[in-house]
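In this document, chain identifiers A, B, C and D correspond to the written order of the chains, with residue numbering beginning at 1 in each.
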Amino acid sequence: MADIRSLHDAVGDLVHDGDTVALEGFTHLIPFAAAHEIIRQGITGLTLVRMTPDVVYDQLIGAGAVRKLVFSWGGNPGVGSLHRFRDAVENGWPHPLELDEHSHAGMANRYVAGASQLPFAVLRGYRGSGIPGRTDTVATVTCPFTGEELAAVAALNPDVTVVHAQQADRDGNVQLWGLTGVQKEAVLAARRVLVTVEEIVDGALEPRPGSVVLPGWVIDAVAEVPGGAHPSYAAGYSVRDNDFYQEWDAVSRDRDTFTRWLDDNVRKAVR
Amino acid sequence: MADIRSLHDAVGDLVHDGDTVALEGFTHLIPFAAAHEIIRQGITGLTLVRMTPDVVYDQLIGAGAVRKLVFSWGGNPGVGSLHRFRDAVENGWPHPLELDEHSHAGMANRYVAGASQLPFAVLRGYRGSGIPGRTDTVATVTCPFTGEELAAVAALNPDVTVVHAQQADRDGNVQLWGLTGVQKEAVLAARRVLVTVEEIVDGALEPRPGSVVLPGWVIDAVAEVPGGAHPSYAAGYSVRDNDFYQEWDAVSRDRDTFTRWLDDNVRKAVR
Amino acid sequence: MSGTESGTGSGTESGTDGGARCGRDELMEVNAARALAGARSCFVGIGLPSTAANLARRTVNPDLVLVYESGTIGSRPTRLPLSIGDGELADTADAVVSVPEMFNYWLQGGRIDVGFLGAAQLDRFANINTTVVDRGPDRPEGRLPGAGGAPEIAANCGEVLIVLRHTRRNFVPALDFVTTLGHGTGPGDRAALGMRGAGPTAVITDLGILRPGPDTAELELTALHPGATVEQAREATGWELRVAADLTVTEAPTEAELSALRALKAAGRKAA
Amino acid sequence: MSGTESGTGSGTESGTDGGARCGRDELMEVNAARALAGARSCFVGIGLPSTAANLARRTVNPDLVLVYESGTIGSRPTRLPLSIGDGELADTADAVVSVPEMFNYWLQGGRIDVGFLGAAQLDRFANINTTVVDRGPDRPEGRLPGAGGAPEIAANCGEVLIVLRHTRRNFVPALDFVTTLGHGTGPGDRAALGMRGAGPTAVITDLGILRPGPDTAELELTALHPGATVEQAREATGWELRVAADLTVTEAPTEAELSALRALKAAGRKAA
């Protein structure tokens, strides 16, 4: 059963140096506050997993927390490049970044395999692409019925998955709605799970159309962090801060500007 | 885009002698009315697919419409045997019934593969079971990453899938809720799709917690058939007629009693 | 629907010593419920398993998460459902998921502590047949319902409990068909097949409880219900039944257990 | 996020004959929208593809089903979303599904008629690079966003439209990396790889439209936008560009098209 804890304590207990960590949320419900807590606690050597690294991983990479990135699309959506990501890959700043790179379909199926406790998943993917030549987590399997060759991708089972949701009840049952992305799979694939929520409600969760419910017994800790997805958003609670995403381009382009931003807005900030 | 049609016309156009047909619905939302229309129209030689054949396939089998059954559990839930199914298998009445028999996990994954346009699906299943020795749709695959052997099941792609839902709008968009079973997969795996609904609503479908929405453009025909799931049920519209299921045991035990029931309640009934 | 369905009749009455007067089926049901003490989640088939799991929630394990293969997680039915898809199972659930998700993410995903199975035929290694029975050379195979969820429940739950009436017809020297692997032909078979769960840890009957011997994986009679005898158990078993050296007697059902069980069944009958 | 993102600037102005005065990007966007006439469903990446698909719904194809890889089916946004996960895409959708379902049941399931892709580098067989660029012997590889949904969009949609600005930097003789297969090295490559969709059928640029030659699968300039010249197109292409014998000129954007396009963009800017 999930414990309701402070973000500080939950991150401290669940996320360790060198862990493989997935902070998921496809544009919506990205757990920025948890990422900032990871940075504040100085956790390092992480293998970060995420379909769309987005600004959240740009921050973690620039902060020096990351050794390796497992991903499928690394950009600032609608804006342009992720400059901290590029600087790490191209110039090794603040240190080199190993990549395990996939397509979206491949990453989604890697989580599905992880949640299903299968060692791999099968898809019609990567055909004619150079991607399999750069990773050891794509292979081929042959259909035993038709003889057709298909792509196989290795399962992802993060040490920790962190997601942000709209609500939890006092027993740690969680409800999220709107774009729910690959969060259920990322949660069920993980060994440990932390959920930050906009709100802990009294009584039972009121069922919502399109919602995903995660029972408290698949979650290790729930932390109440209103606005914990900003500049991403939580449908029903906030809207996406598109200005932040656009301004991030200038903040992140320069190492010093970025470092100042990080000091002022993350390292010295207290939740 | 789905056409809104009479059940008679939709079944006549979409279901042909010799087709592979899935009428799905896991206890809930079983499309009994469509099955009765298939019987009334004298369609024969069907390969019927369904995880839990239930009373609905007992009726189709007893009526002589079925050549082969693809399934994973053939009983009258909470009551006992399906006597028409047993009579066909054990005694060839009204004619012999070929079986392709699986486990639930295997059947569910066969639909998933079908919906995903993959030739097979992988699962941890059938280990130590005699089932693979009786079917050619279970095989093994080896994980290219770990070397582990896993079960492979062949995809199911029915010629026609029929499901019952609570609501459609006038464009043929469909919404079902409650236990939604394997209906989405069965629909998306099929070449043609017929949906019977409790109600066609004016305007937009009101989103419901836990609902599955099927856009009209993946459906061929929608037919309004209130009560079309009886003696199964449609959450929000009806409750399961447990008495019918219990009485079916006596009705179906004897060939003559069954035939009379079929004549009186299906063949001579007009919708 | 995991394995065979069972009727809800209460069987023959049997006197008990010290406990409330109750039927043989009730002894089985109460002891099956007790076996769920301490479990977090249970994958429930309809019939006896559902009775036992719902009774456990009312007695030894109020927080037990009931998972039905129709897709409901955390159901809290107020009465015994007749079918695995009764509306109340969905209405009272924490979450309802699709059937593929249930089997892939929850069952195969290793989320379920205990699986509850019935059986038509059971052998000494707790292998199960629910597919076909041999009815002799002059008759066609007798048809049973088939596998349902059982093979993967037995493979992927943390452990498996089997509940069935103790008769020679059920407890057979050799299965006519292996639907669901228990312990195969003995220790190590499950591991060799890469099966993750511990497999059957108890068979709870209307006469007593059998458990796989630690060194042999062969079922041994480890407990008798009050009033039942070793002789009865041997008589109802189609192979030479081993009896544990430390054979015990199960505690007689308490008044609280029996009244909870009877209330559950009465509510179920009323609703049906 | 399929392929690279593009800014929303309107590019350089170019006079047109007979039509409304419009910019080069607008020519590209309007013609991309027109290419969606008759399609039932379109898998939309953010940036130019989203602009074109949303314009199509306001002009040539009001019933076009927009599918975004964030999980929305049948979205009807009132403004251009900045991100593929803008709340409005979910709020206005017929259905919202999980990302795995989107890629497995809808895209791989063959439900999408047209996929819309951008590119950082494109070669003569419409293969796409969005992964890395070679910046010369003394510099590290330049990092691009990566594949996103593109490899499987190109494999599994009925056909693929590519939209990008016509420059020598984009239209290269040889890709530095093949992220997404178009037509490989020529006719038959897709079929040999078992790819189900027809692959790229048009590349729509700010100068004109290129289509694979029926016998060669090599891109040919089949149409110029009003005001553009073959010379400009050759100059902006990194290989010796073939020009179709029946080269045409695209119809100038109508006032209705341009006002719809500009209203869309203004609403998007206002919301952001």
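Just so it is clear, a residue touches a chain if its C-beta (ideal position, glycine included) is under 8 Å from a C-beta of that chain, and two chains touch if they have at least 3 such contacts.
Remember, it's a predicted structure, so these values are computed and weren't measured experimentally.
Trainee: Can you list every chain in contact with both subunit B and subunit C?
Mentor: Chains in contact with subunit B as well as subunit C: A.
Trainee: Measure off the straight-line distance from the CA centroid of subunit B to the CA centroid of subunit D, and report it in whole Å.
Mentor: 41
Trainee: Using Cα averages as centroids, what's the distance between subunit C and subunit D in whole Å?
Mentor: Taking the average C-alpha coordinate of subunit C and of subunit D, the gap between them is 58 Å.
Trainee: Name the residues of subunit C that each touch 2 or more other chains.
Mentor: 104, 108, 156, 196
Trainee: List, in ascending order, every residue of subunit A touching at least 2 other chains.
Mentor: Correct list: 112, 116-118, 123-124, 148, 184-185, 210.
Trainee: For this structure, enumerate the chain pairs that meet the touch criterion.
Mentor: In this structure, the chains touch in these pairs: A-B, A-C, A-D, B-C, B-D.
Trainee: In the complex, go through subunit D and note every residue touching subunit A.
Mentor: 1, 4-5, 7, 46-47, 69-72, 81-87, 89-91, 96, 98-100, 102-104, 107-108, 127, 131, 140-143, 145-152, 155-156, 177-181, 184, 189-190, 193-196, 271-272
Trainee: For a test of understanding, state which residues of subunit A touch subunit D in their complex under the given definition.
Mentor: 26-28, 51-52, 71-82, 85-86, 89-91, 101-105, 108-109, 111-112, 123-131, 148-149, 178-182, 184-185, 210, 233, 235, 239-240, 242-243, 245-246
Trainee: Under the touch definition given earlier, write down the residues of subunit B that touch subunit D in their complex.
Mentor: 112, 115-118, 173, 184-185, 188, 213-215, 217-218
Trainee: Can you name the residues of subunit D that touch subunit B in the complex?
Mentor: Residue list for subunit D touching subunit B: 40-41, 65, 73-74, 94-95, 104-105, 108-111, 156, 196.
Trainee: Going by the contact rule set out above, which residues of subunit A touch subunit B in the complex?
Mentor: So the residues of subunit A in touch with subunit B come to 116-124, 137, 139-146, 148, 150, 152, 154, 207-211.
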